[in-house]
Structure formats: structure tokens, C-alpha cells
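Shared between the two complexes below is chain A, which pairs with chain B and chain C, respectively.
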Partner chain A sequence: MSTSADPTGVPRGNGLSGLLCTGLSALLFVWFLTLAPQIADGASLRYVIEWVPSLGISLSFLLDGLSLTFALLISGIGALVFLYSNTYLAGHPQFDRFMLFLFSFMLSMLGLVLADNLIALFVFWELTTITSYLLIGFGHETAKGRRSALQALFVTGAGALALLAGFILLGMTMGTFELSEILARGDELKAHAYYIPILLLILAGTFTKSAQFPFHFWLPNAMAAPTPVSAFLHSATMVKAGVYLMARLHPGMSGTDMWMWTLTIFGAVTAVAASIFALRQTDLKQALAYTTLMALGTLMLFLGQQSSYAITAFATFLIVHSLYKAALFLVVGCIDHATGTREADVLGGLGRVMPFTAIAAALAALSMAGFPPFLGFIGKELKYAGALGVASEPLFVVGAVLLANALMFAVAGVVAFRPFWRKAGGALPKTPHEAPWPMLAGPVILAVLGTVFGIYPDLLERSLVAPTVASLLGEIEDAKELKLWAGVNMPLLLSIVTVVSGAIIYAVHRQARTMLERMDAATPSFDAGWDRFLDGFKALAAWQTGVIQSGVLRKYMFVTFVTVLVGMGGTMMARGLGLTVPDFSDATGQSVALVLMILGGALLATLTSSRIAAMAALGVVGIAVAMVFIVFSAPDVAITQLLVETLVVVLVAVALLRLPTLDSGGRHWRPWDALLALGVGTVVTLTLLAVLATPLDRRLTDYFEITSWPEAFGRNIVNVILVDFRALDTFGEIAVVVIAALSAYALLRTTTTKGQGK
Partner chain B sequence: MNSVILRAGTRYLTGLLLIFSVYMLLRGHNEPGGGFIGGLIGSTGFVLFAVACGTADARRALRVDPQSIAMVGLGLALLSGLFAAFFGDDLFTGQWLFLGATETEKGLPISTVLAFDIGVYLVVFGSVLTLVFAMEEEI
Partner chain C sequence: MEALLAIAIGVLVAASVYLMLARNVLRFIFGLVLISNAANLTIFVAGRLTTGAPPLIAEGAEAPAGLVANALPQALVLTAIVIGFGLFAFALVLMFRAYTTLGTLYSDEMRVAEPRPEDER
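For the complex of A and B:
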């Protein structure tokens, strides 16, 4: 790797971060493992920390069969991936950063699958989105890396917003955010009028996260991340978050036509389309990415069903897929590391040089292809049994599963057979060597597990599959048995058909690839569509900014005051406020003089064509208003007003030097301005009269007058309110003052530097 | 503006305005005044200085960037609000200490409320000068 040494040229050690992360994840895995017997006995553990009790938000965690399965996969594969990365990224200048991102991701993912509160779950959900963004963009020096990271962030982030809306709607409908309480009242939820909107919003979140068609395009791009990340996030864990959530909601929300059809159709389309795309890829990692899509589609498809066969198939395939897919990704990482390329057509003959990698790859691939005695075979049998038991249209489902499985068989051959046992198609960039043991540990352990569980399926069934099925269907007895030999039956026949057709596809896959490439070029690409969508979005933003932000102060003022007029006037007309005719009988000469001053100043300001005269006239208005405050004994307000008037005069005097003469080119606006001014004036006057019509509410005034001295030790009520009773408001205000001053400063500075620069 | 009389007068006026602004700030809790008004008066003093002697001299006399003064003020106000947390009170609850209080005498009151008001003073002072100096220099 070109980035494997720091600028000084001396390779650095990895420090402790890699070992620390490996150790911690291994500890977590062991801890979850010790809890497994309890869960297998049908217990579920719940742990609650109050977070925002007033809003019904708590950090509650639930460990049952489903979350335990996920937690074990996350921490177990996590530990192996950390060990692997420690060597794979050895000496990378940003190694510690990578470890931090990856470990944060793992903790977020564990939080996600353990959370029992909708809001807590959402927070963890978004944390995985963000950490995934950072990991995909780990190679941020390349434009491709940045684009892929942003694409994943936008697609999953947009879905997450819909998900949040769905969660809030769900929480408000059911009166609680606790998942276990909501799911216990599933019938009530399914009968509710909001069921369909809630389901649609949640589907938008899970389909984007789990890359279901038509949001599938971000996942293959996410392979820009380092290979351990792809193995961990984009095959074994994060992309399964959507699947996890649908499984979690299964007991409470499944069973409706809407649920069944959406999941079945989208799942089937994703599975078939993805396996066809997979065959088209020459990059091994891309091919694996598409088979991951296929797996996600299949999992969704089975979650659409209710039968215990389908759910057992879901639980088994979930585990099978994580085991073999993570192993294969790590194998591809080993190949890449050893040879410097991932091109299927170039690679070959590695079996002799990398025997252990080859064995791990073979075991994982045989499981993926569905040969006995591997766990993949049992998974495939169960998938067929589940598909045959589908309530409606079993033929459609069986057909989709069969096609996807046959294509998977072929892809398994391309990824794990050809590079090792066929002749090389070209010169390799590097002389290959066997991967070091930390990089072999992961693939070998995962592949061997797939074999062991295949030979002793009981182990897996009792510990994980049955409890998972129980958390979806409620009854532990519902789980179907995992068997290698179930007699000659329909699933076995289908398996034979799969192997035969898969072998045929593998034999012709090169010709098929050229054909697919031609087909692909003819059909519109979703990835390019994404670019067009973004371009359109930017154009829209630019257009609307141009319309709204014209840069002409007069327009801004006009819009602001029109809003005031319409808002206040409209409210008044709609409400029909009562007005009083004010009583002028006790008007003194003093107040008449002040009113005349204000009127005179205002008139002069509107009529004069000299800027200085207008400024002075406004000053007259301001000072007259300050005098009104003095007359009504509000000295603080009056002083402030006077000082502000003074400063405004200084500021305007400075600005005057550069401003154009008053009203140049704006003559034709003046009648409109006059009309608007009159309108706003009238509405404000009417509002004030309406305020006077209701008796003054003195409760607050009285409160402050009474408590100001004894409680806040101050006699100046205005100041006591500012700095004590309403200190938080004042803090907000002074923050605004600072922001405004700094923004003005920045604006003034930018304009001049630009001017000087040219 | 080049006026010898204004320049000569400003030297005294600025000082007086600054003293007066502090006076207004400190009496604010019981008499008309307070951080807002004090800050405005104090900044008026420096605005006058800037008009009479130029912003370069005014900046030199001030020694610190006005932006920093505003930020320090904001920080002080925030800290005085957070201080209440040490006593288990809600945010921005005033904390009082009466130095040398006896049975009959109240003593000298020291409070977070005063610190908050000083923060307000600095924010207003710094913000106004940031704005005025920038306008004077850039336009």
C-alpha cells in the first residue's frame, strides 16, 4: 500500500490501540456467550437507565434470542476483524483513527441491536450511519472515496429521517417509546389508522439502510472502504441493521397484506437483481458486495412471511451468511494484500502459494454455494422449505430463491475457486505470499465454524436459532429442526436443481458476463441517476437562493414588512379583536408636544431626498420616543434608547460616505412603499388599541415588584429581570449580539479583501 | 476627523465615559444602569476616541481585540450561569455571598449576578466596537 509509511519513511508500530480493541471485543463476545445459556432457556434480560423520563425516553436494553444472535455476530466478527486490521493496516499513518472509528462503530451497532427504546435505537442507528460514513471515507484523499462516503451518508441519512418520523408517530400512537410494550400490543397497532404511514416510514429507513432495491446502489460503492470494514460493516453487521429492525418489529407489525407484499416483492427483486449484477463484476470485492445485496434481499423476503419454516430459514441464513461472507471478504483482503489486485481475470494459481487462505476460501465458498455438510446447505434447504410454505404465490418466491441461489453458486466459484486453482490470466502486480497468521485467523475460524455447525447443527439450533425464532414468533417450539439429511423431499430436489444450474452458469459465466455488460450499458444506471439527482438538487438550490436572496435590501425590507402586515392584519381580521376608542381628555401639553415631534420626524424622514436629513429626522423620532420612556418613568429603557441613537448616528455617518444618493433608481417603488407603510402603521395602531381594550394583567409586574428585593437583592426591577429572573433570555440575547457583530465584521472584511485582490 | 480641540477633549472624555460606564454598571442592580447601559456608554467613549484620533490609535489604546472582549464577556456570562450547578440549583440561579455581614449590616454583596452583568457589559462593549472599528476601517 502506498500509504503504509508515514512521511518520515520510517514504518511506525501500531501502538496499543489495535490490541486493545481486539481484546475488548473478544471480552464482549465472551460475556455475551456466558449469557447465552440463560437466553436459550427462554429468558430475556432487560436493563433500564432513565434518560429523559419526562418524554418517555430511556436507555433501555433488551437481550433476547434475536439481539443475542446479533450481539454475538457483531462482537465475534468484530474481534476477528480487529485482529485482522492490526496486520492489514499495519504502519498506516492513521491507524489509531481507524481503530477508533471501527470500535465506535462496533459499540453503536451493539447499542442498536440491544436498545429497547425507539429513540435510543434511533440514536444508535444514526451513530452507525456516521461511523460508517467515516469508515467508507477513510481513504478521503481520493474523490471516489469521498463520493462513496457521502452517497452512503445521504441515502441512509435520508432514510433515517423517515425512520425517526415513523418512530415518533409509532410512539405517539401507542403512548410509549418502549419497544417491548409496543410489540406486546401488536393487534391494537395493526388495527390503527396510522399503521400504514408508520410502516411506510419505517420501511423507508430499513430499505435504505439494508440497501434494498431501488436504494441498492450505495452498497457496492461503499466498498471504497478498507476491506476489513467491508467485511464487518457492509456484509456482516451494519447493512443488517435494517433487517434487524424488521425482525424486531415482526411480532408486532407483521401479518398484514401490506407487510407481506412489500417485503416479499422488494426482497425478491433485490435478491435476483443483485445476484445477476454479482456475476457481471470482475472485481472480487464488488462481486461479494452484490452477493451481500442478494442475502439482504433474501432475508427481507423471509421476514415478510409468518410461517415457522420461513422464520427458521431467516434465523439460520442470517448466521450462515455472516459467517461465510465475512470470511470471504477477509480472504479477498488477503489476496489483495498479497498480490495487489482483486481482478478475477488476472488472478490465478494462488492455491499453492497461499494454501491456508485457499482452504478458508474453499470452506466458506462451499458453504455459500450450499454444499453438504456445510451450514450453507442447511440454510439453503430451510430457505426452500420456507419458500414452499409461503402463504401466497409460493412459486414466485421459490423461483426467486432458486435463481438467486444458482447465481450464488456461480459467484462462489468465481470468488473462491478461480483465483486459487485456475491458471493466472495475467502478470500479478506483486509476488504473492501466504498471509500472516493474524490475517488468517479470521477467515479460517469463520469458515471452520460454518463447517462445524453444518456437521453438528444441533449446537447452533439450541443456542441461537431457536431463541431467535422465539423472539420473532413468541414460542420456542416453533423453530424447525436444523438437519443435514431430511429425507428425499422437495427442498432436496430443488437443491440438486440449484447445483446443476449453478454449475452451468459457472461454466458459461465469462460469456454471460459480456452479455450482461452489454445489457447493463443499455439500461439506465442507478448510480448515474444519483449524480443527476444531486445535480438537479444543487441547481434547484441555486435557483431558489437566487430568487429569495436577491441581495437587494429594499426587497428584503419589503418582504419583511409585508409579512408583518399579512400576519398581524390577517390574525386580527380572523379573530375580530375588540377595540377601544382612546380617551384623550387627560392629554397634557407635554405629551402632545412629544407626539408632534414623532410625527414631524417621521414625515420629514419619508419626504426628504437628503440622506443626512432623513437620518437626523429619524434621530428626532428616536429621541422623542426616549422622552416618552422618561415621562412614564422607565429611565433604563430611555438611557439605552438614547445611547443607541447616538451610536447609530456615528455608524450611519461612517457608512454615508460610501452609500449612493438616496433613492437612485427606486422612484417607481415609492407608491408601493407608502402603501405598505400606511398598512403596517394601521395594523400596529389597531393592535395597540386592541391591547388597551383588555385590562392590563399585572400579575407578573406584581410578582417582580414583590420578589425583586427579598429574593434577588435588587431594587432596579428592569436590571434584576435582565440579569437574574430572565438571565437565560439575556444570555441568548448577548449571544445574538456577538454573532451579529462577528458576522458584520466578517462581511465587511471579505468584501474589502476581494476588492483589494482584484 | 482632524480637529485639535476634539482630540484634546477626547482624551479626558473617553476616560470619564469609561469611569462613568463602570459606575453605571455597578449601581445597576438598585438604580438605573446595568451591563447593557454601561457597555453602551463605555463603547461610546472609544467610538469618540476612534472618530477623533483614528481607529489605529483607538485599537492601540484598547490593547485587546474588541472581538475577544465580546467573546470573553459571553464566556463569563455563561460561566456565571453554570456556577449555580455547583450548588445544585437550576442553571442561571443567582448565587450570593455577603462579605463581612453582621446582625445589622448586610455586608458587601458579591454575586454571580454581578459577574453575569459584567459579562453583558463586555459583550455590548466588544460588539459595538467590533462593528464601529470595522466600519471605520473598511468603508
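For the complex of A and C:
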């Protein structure tokens, strides 16, 4: 499952790409850090490059509290992940490719959180989708890797299409694609009739991207990616893109019942369901993946609210989660790297061999479980305070958060306590060893940060949390204080309940797991549903291809003629070109005879079952047409027509010598074809009559008549047109005939020995 | 007179459409011949009909004297007749070749490139 390189060898050199990426991301991180004081003072930076000015699309970037928090998380965790990967994937034959994908991803993600233009944001959004597809499918030699990558691409890509539609609708409604302008006119937007369609389309995009129920199934599958990718994309950054967008739109779009209820309900359901699923997993990485879902659900839930407590809880938990989750993923990568397995039941006793990993894991897990004095504790207290502050249904929200937190406590134990401090459940595939320092740097730094911020919450509050809250709510004073000890209050009591119930769940988690497995087997699986959906989709595609591309000439012809009928007839009706009474007064006996010849020939050719009769009928029609040309002053045309008709009859006669008689398959009356034929014929006649009812435009003819002799020195005007005025046309005509002759020659020349005659 | 020919053209088109919808590709080719005749006539008639005055310039004159037949559609039809013949000749050879190779004149049975599932077994 893991696609890491051979973990036995001493890390070999990877060339410069790994260190280069690490250095660049660290530089970016430092650069963003230098901008932090300005942002903390309430400023926001904007930078605009014109892109497609005619469409109102520009590459505009905005750095405020929210985007700065994300940018710091992305570049900071990115630098650590690059450093980690340089060792984790040491010697991997496609290491450079991996770095390219991961670095492109990081840049796209930064673009996403900094973009201030809807279209630019969408472009970066899709770039993260594509790079994440490449990263999940990095282990493309396994079917599982390919399937997971494709699944993630389809689910998030389908959501992105809805998102694009939502963005375009939003831009059209508000008359601008600039986010900051749109959000400043939030009341106007919320009152607009298109508010609900816009919101639904955007939710489709963000829920798929952030793996909210019922689109959650792709995220655990995405764990097929190498562990550093999971740590980066599927915990700290990409899956938070949906959360980011909802937070970005919060000032302009939140506050309606629709917003509040959708986010609250989907967030809560995702959080609780994911925590239960997390307990079920025995693979450490899978367990973490599900707790990520839980975190995403919780973040969505808080974004549904308006209160400053809820938003402060959002901002804090966003940072808490990124820190401990990235750390734990990297720890699991270390364990996998060192022991060759990620099975919770097998692992054990690693505390002594891998002390630093164990410490990082413990710090991160304590933060995750919400113990003081870690940042996770503050995050949890704020979550409870925020949940209690939910105006409409505090009990529902508090219950969901409490359940999710208790389950998370248990999962933290499974992931970070058992493998290190309990006895091993089986023989390890490899003798464990402590991870090398580049792989320890990430988890240790992140875990320590979680501790430091827990002890000195002020640091975080002033620099990041308060500015983020200000981005969402507008006022920096709205941010609630981050405190370790807030006195004995309701959140503290709830925390105690959490720890107690979490400990109980941990104690019985193995029994619970078997029960959950049974439950899971009994309920329909979304993942299998996905497969069924894809199969059904492919079957539908095959079916419609069979219908449209039947490979039967008759059907193609039928559709073509129906199109002619509807296209011509429909246009005539739409234009109101009705019936004009035809004028037959000028019909002479001669012309009536010619028309009768044509009619007779056509009917005979259609109805006869004799080849000779059909041939003769074609001849009659051809001669009659030639005579029409003679009667109506077109001698040149008539000569050509006679020549061609003769050739046609000769050629058909020659071919018929070798062909079977016409009726070998039986002739039958085809009423539908006859109806269609009559329809097309009628429409052609009516069209021609309508044309004849309009005055003739003779300008071209007049020009040819006047210039034929003075300019081209020809007395036969038709001839002059063909060989002089429109000589190029004639040349093309000759070319067509030559090509037809050559192809016919080639068809006849090739021997028929390869034939598959039946 | 144009009106009468317009009806004749309609009948020609109807006959050729019916023929081109047949299973037998020989009938299809008959339809092809008829429909190119119909198309040529349509162009010709749409340019209006004139009797007894071909578009020629008399010796010594600079331009035709009086009203002569419309030269433009005649030129177009001339080109169309030749190209129509090219198409017909190629289609005929193709059909002939298909028959010698596949042994059938029925388009439904010509499934070498896109075999039906039941044919593959």
C-alpha cells in the first residue's frame, strides 16, 4: 500500500530537488511571517495583475488574517513535509517527479487561499485537484492507487464544475468577479433571488473538496498516496480548501437559515459519523484519515454559525488540527518506515526504540485528545463555548461536538499511545529503529508548537486567530480570548465529561471495533456505491453509443434526413414562410411532358424490382433533366448532362454484370421511410417555391454579362465563368474528379484475396 | 413553369430519399444519382428559366443583346454535375468492392469494422 522506496537503505542522495523545494517553501514561510505584524494590525494587502480585463477577470491577490493563516500553514507544513520526503522517499526512482507534483501543489494551494478573484480562485482550485490526482496516483502501478486517484479526481472535479457554475452565477449577479467587492455587498447578495442557487452550487464544490458526508468516501481512499502527501494534502491543506472557501464567503453569504442549517447539519453528521468510522480502523493512517473527516465536519459546523465564540473556535481549531494532524501523519510515516507496518494490532513497544518519535506522537496526541496545557485543550474549550453559543439548537451541536471529541480522544490513544507503550500484538516485519532527523524534524516541531501555543496562547491569538476572526466578522475585537484556565464553567465540565467518556471508549475500543465492523457490513457502503455508480455510468455510455453510433447505414441516413426535414421545415415555419399559390399558367405541353418523364422515371426507379428497369428509369430521368436544360437555354449544361448520364448508365450496367439481382433479399414496403421521403420532398418543393416568390438578385449575372467580353474575351458567358472568373473552382472540381478516379482505381486494383466472404 | 418543376424536384427528392433509406446499397446508389439530379435542377430553377436565349454574346457585340438566360446557375450546375458524377463513380466502385469482399449488398450486414457483440462470438 505504501509506495515509499526501499526503507532499508541508508538515505541516498536525491539530487537537489528535495532540498531546493524545502528551501523555497521555508523562504515563502519566512516571507509570509514578515507580513504577519502588518496583518495583525488590521491591514490587508492587495495585489492585482490584469488577466482578461474584457471579462472582468484579473489575477488579484488578497492577504488578510484568514489567507495569512492558511498561507503560513501551507508554506510552513510544506517546508517540513519536503524535508521529510527527502528522506522518506530517498532513492525513489521517481523522486524528482514527486517533488515537482508536491511543489506545484503547494503553489496552487497558496494561489487558492490568496486569490481575490473568483475565476482565478477557481483556476487554482482545479490546479490543486489535478496535482492531488497526480500525487494520490503516485503509486500508479497498483490498481488501488489508480482507482483512488481517479475517485478523488471525479468526486472533487464534479464538485468543481458545480462550483464554477456557482462562481459564474455569483459574478453575473453581482456584476464583478472580485471577491472583496462581492463580500462587501453581502446584504444585496443575500436578498437576491439567485442567492440559494449560488449557495447550493458552491456548497456542492466545497463539500466534495472537503469530503463532507455524503462525499466523504474519497478521502480515506486517498491514503493510497505516500504518507507525506497524506500529511500535507489530506490533513493540513487541500481538504481544507472547501473549509477555506466557506470561511472566505462567510462575511458575504452567512447568516441565512439556509447557510446555517446546511453547514450545521452536514458538519455535525460528518463529524460524528467519521469519528465512529475512525475507531473501526486498524490501519493507523486510515484511522487518522477518518479523524480528519471529523475535523473538517467540525470546522464546517462552526462556519455555519455567526457568534464570535464559534468563529474563534473555528480559527483556533483550524490551526490546532493542522499542527497535530500533520505531526501524527508524519509520525505514522516514521512508524511505517521503521517497522514496515501500520497495523494497530501488530504494533507495540516502540517507545524505547523510537523515543523522539514517541515524544512527538505523545505531544501531538495529547493536543488532539484535548489535554491541558496543549493548544488542543484551548481549541476544545472554545469549541464547547462556541457550541453552547449556537442560538438555535445548542443541544444538538453540543452533543455532536461532545461525541466527536470523546471518540477523538479514544482514537488519539489508539494511534499515539498503543504503538509506543503497549506490548506488540505480533511480530514486526522489520526491526524498528529511530527515524533519521529530517523525518523527526517535522513531527517534533509541529508537536512542540502545539505545546508552546498552548502555554502561551497569546502569541497565537494576536498574530493569527484574531486577524482570522476579523476577516470573517469584520471586527478584531470580536475575537474571544484564548485562555488555558477560564475558571470552572460549562466548557470545562464538558471537557471532563469528554475525557472520561473518551477513556471508557478507549478501554473498550477493540470490542467496539468488532461491533462496528458488523454494523458496517450491514449498512450499504458508499465506496461500493461509487463502484456501482461508475459501472452504471459506463453501461449507460455503452448503451447510448450503441443507440447513436449503431453502425447501421439506414439509421444514420434516417437521422440525417429527419434533421433536414426538421431543420428546413422548422425554419420555414418559424420564419412564417407559408404556402404561396404556385402559378401553373405558363406551363406548355412540352414542359408538362418533360415533367411527366421525370416523375415517371423517379417512380419507376423507386418501385421496380428489376435492375434493368431501374437502370432505364435512371436514364429516363437523366435525359429528361438534360432536355430541361436544352429547353431553358442551357446548351452547355445539357451536353455535359447527356455525357454524364450516358456514363452513369454504362457504369451501372458494367457493375450489374457482377452483382446479384436486386431482390435477393426481398423487397418490402417501408411506410416510415416513405413518410419521411414525402416530408423531405415536400419541404424541398415548398422551399423552392418560397425562393421563387422572392425577387431575383441578378447583380452577379449582370457583372458577368458585361465583363465577359471586354475583360475575358469570351462570348460564351458560362464558359468564361468556369475557366476565367471562377477558374479556381473548376480546378478544385477537376481535383475532386481525379481523386475519385484514383480512389476507384485503387479499390479495384487491390486483390480480393483478403476478402472475408461469408 | 418554375412551379411545375419545383413539384417535379420534390418528387425526385422524395424518391431518392426513399431509395437511400433502403438496405440494399445498390438502391442507395440509385437514390444518389436521383438526388444529384434533383440538386442540379434546384439550382437551375432557382436562377429562373428563360426559353430560347442562351447566355451568349453575339459576334461584334460587347454584351448580350436583350435578356438572356441566367449564366451563373448554369456555371454552378455544370460544376455540380461533374462532381456529382465523381461521387457517384466512387460510390459505385466502393459498393462493388464491398460486394466482392463481403459478399453482400446489404448495409446492415457490413460489420467488419464494428462487429456486433453477437458477431464476435
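The rule is short, and it goes like this: the second predicted complex is superposed on the first by the 563 of 758 C-alpha atoms of A that agree within 3 Å, B and C clash if a C-alpha of one lies under 4 Å from a C-alpha of the other, contacts with A are read in each partner's own complex, and residues count from 1 in each chain.
Keep in mind that, in the parts below, contacts are C-beta pairs under 8 Å (C-beta built on N, C-alpha and C of every residue); 3 or more make two chains touch, one makes a residue touch a chain.
Just so it is clear, the model here is predicted, and its values are computed rather than measured.
Novice: Per the contact definition in the header, classify A:V650: touching chain B only (first), chain C only (second), both, or neither.
Specialist: Only chain B is touched by A:V650; chain C is not.
Novice: Scan A:V691 for contacts with chain B and chain C and give back first, second, both or neither.
Specialist: It touches chain C, and chain B stays clear.
Novice: For A:A727, is the partner it touches chain B (first), chain C (second), both, or none of the two (neither)?
Specialist: After superposing on A, A:A727 lies in contact with chain B but is clear of chain C.
Novice: Scan A:T640 for contacts with chain B and chain C and give back first, second, both or neither.
Specialist: Touch partners of A:T640: chain B and chain C.
Novice: Tell me which partner A:L748 touches in the superposition: chain B (first), chain C (second), both or neither.
Specialist: Both: A:L748 reaches chain B and chain C.
Novice: Kindly classify A:F558 by the partners it touches after superposition: chain B alone (first), chain C alone (second), both, or neither?
Specialist: So A:F558 only meets chain C here.
Novice: With both structures fitted on chain A, tell me whether chain B or chain C touches more of chain A's residues.
Specialist: On the superposition, C touches more of the residues of chain A.
Novice: Just chain B (first), just chain C (second), both, or neither: which does A:A712 touch?
Specialist: Touch status of A:A712: first partner only.
Novice: Have a look at where A:V621 lands relative to chain B and chain C in the superposition and call it first, second, both or neither.
Specialist: second
Novice: Check the residue A:D458 against both partner chains and state whether it touches chain B (first), chain C (second), both, or neither.
Specialist: Neither: A:D458 stays clear of chain B and chain C.
Novice: Would you please give the residues of chain A that touch chain B in one complex and also touch chain C in the other complex?
Specialist: 635-636, 640, 644, 647, 651, 655, 658, 715-716, 718, 722, 730, 737, 740-741, 744, 748, 752
Novice: Give every residue of chain A touching chain B within the complex, in rising order.
Specialist: Against chain B, the touching part of chain A is residues 635-636, 639-640, 643-644, 646-647, 650-651, 654-655, 657-658, 712-716, 718-720, 722-724, 727-728, 730-731, 734-735, 737-738, 740-742, 744-745, 748-749, 751-752.
Novice: For chain B, which residues are in contact with chain A within the complex?
Specialist: It is residues 28-37, 40-41, 43-44, 47, 51, 67, 70-71, 73-74, 77-78, 81, 91-92, 94, 96, 109, 111, 113, 116-117, 119-120, 123-124, 126-128, 130-132, 134-136, 138-139 of chain B that touch chain A.
Novice: Under the touch definition given earlier, write down the residues of chain A that touch chain C in their complex.
Specialist: 549, 551-554, 557-558, 561, 582-584, 586-588, 591-592, 595, 598-599, 602-603, 605-606, 611, 614, 618, 621-622, 625, 628-629, 631-637, 640-641, 644, 647-648, 651-652, 655, 658-660, 662, 664-665, 670, 673-674, 676-678, 680-682, 684-686, 688-689, 691-692, 696, 698, 700-701, 704-706, 708-710, 715-718, 721-722, 726, 729-730, 733, 736-737, 739-741, 743-744, 747-748, 752, 754-758
Novice: What residues of chain C sit close enough to touch chain A in their complex?
Specialist: Touching chain A: residues 1-30, 33-34, 37-38, 40-42, 44-59, 61-64, 68-72, 74-75, 77-79, 81-90, 92-97, 99-108, 110-114, 116 of chain C.
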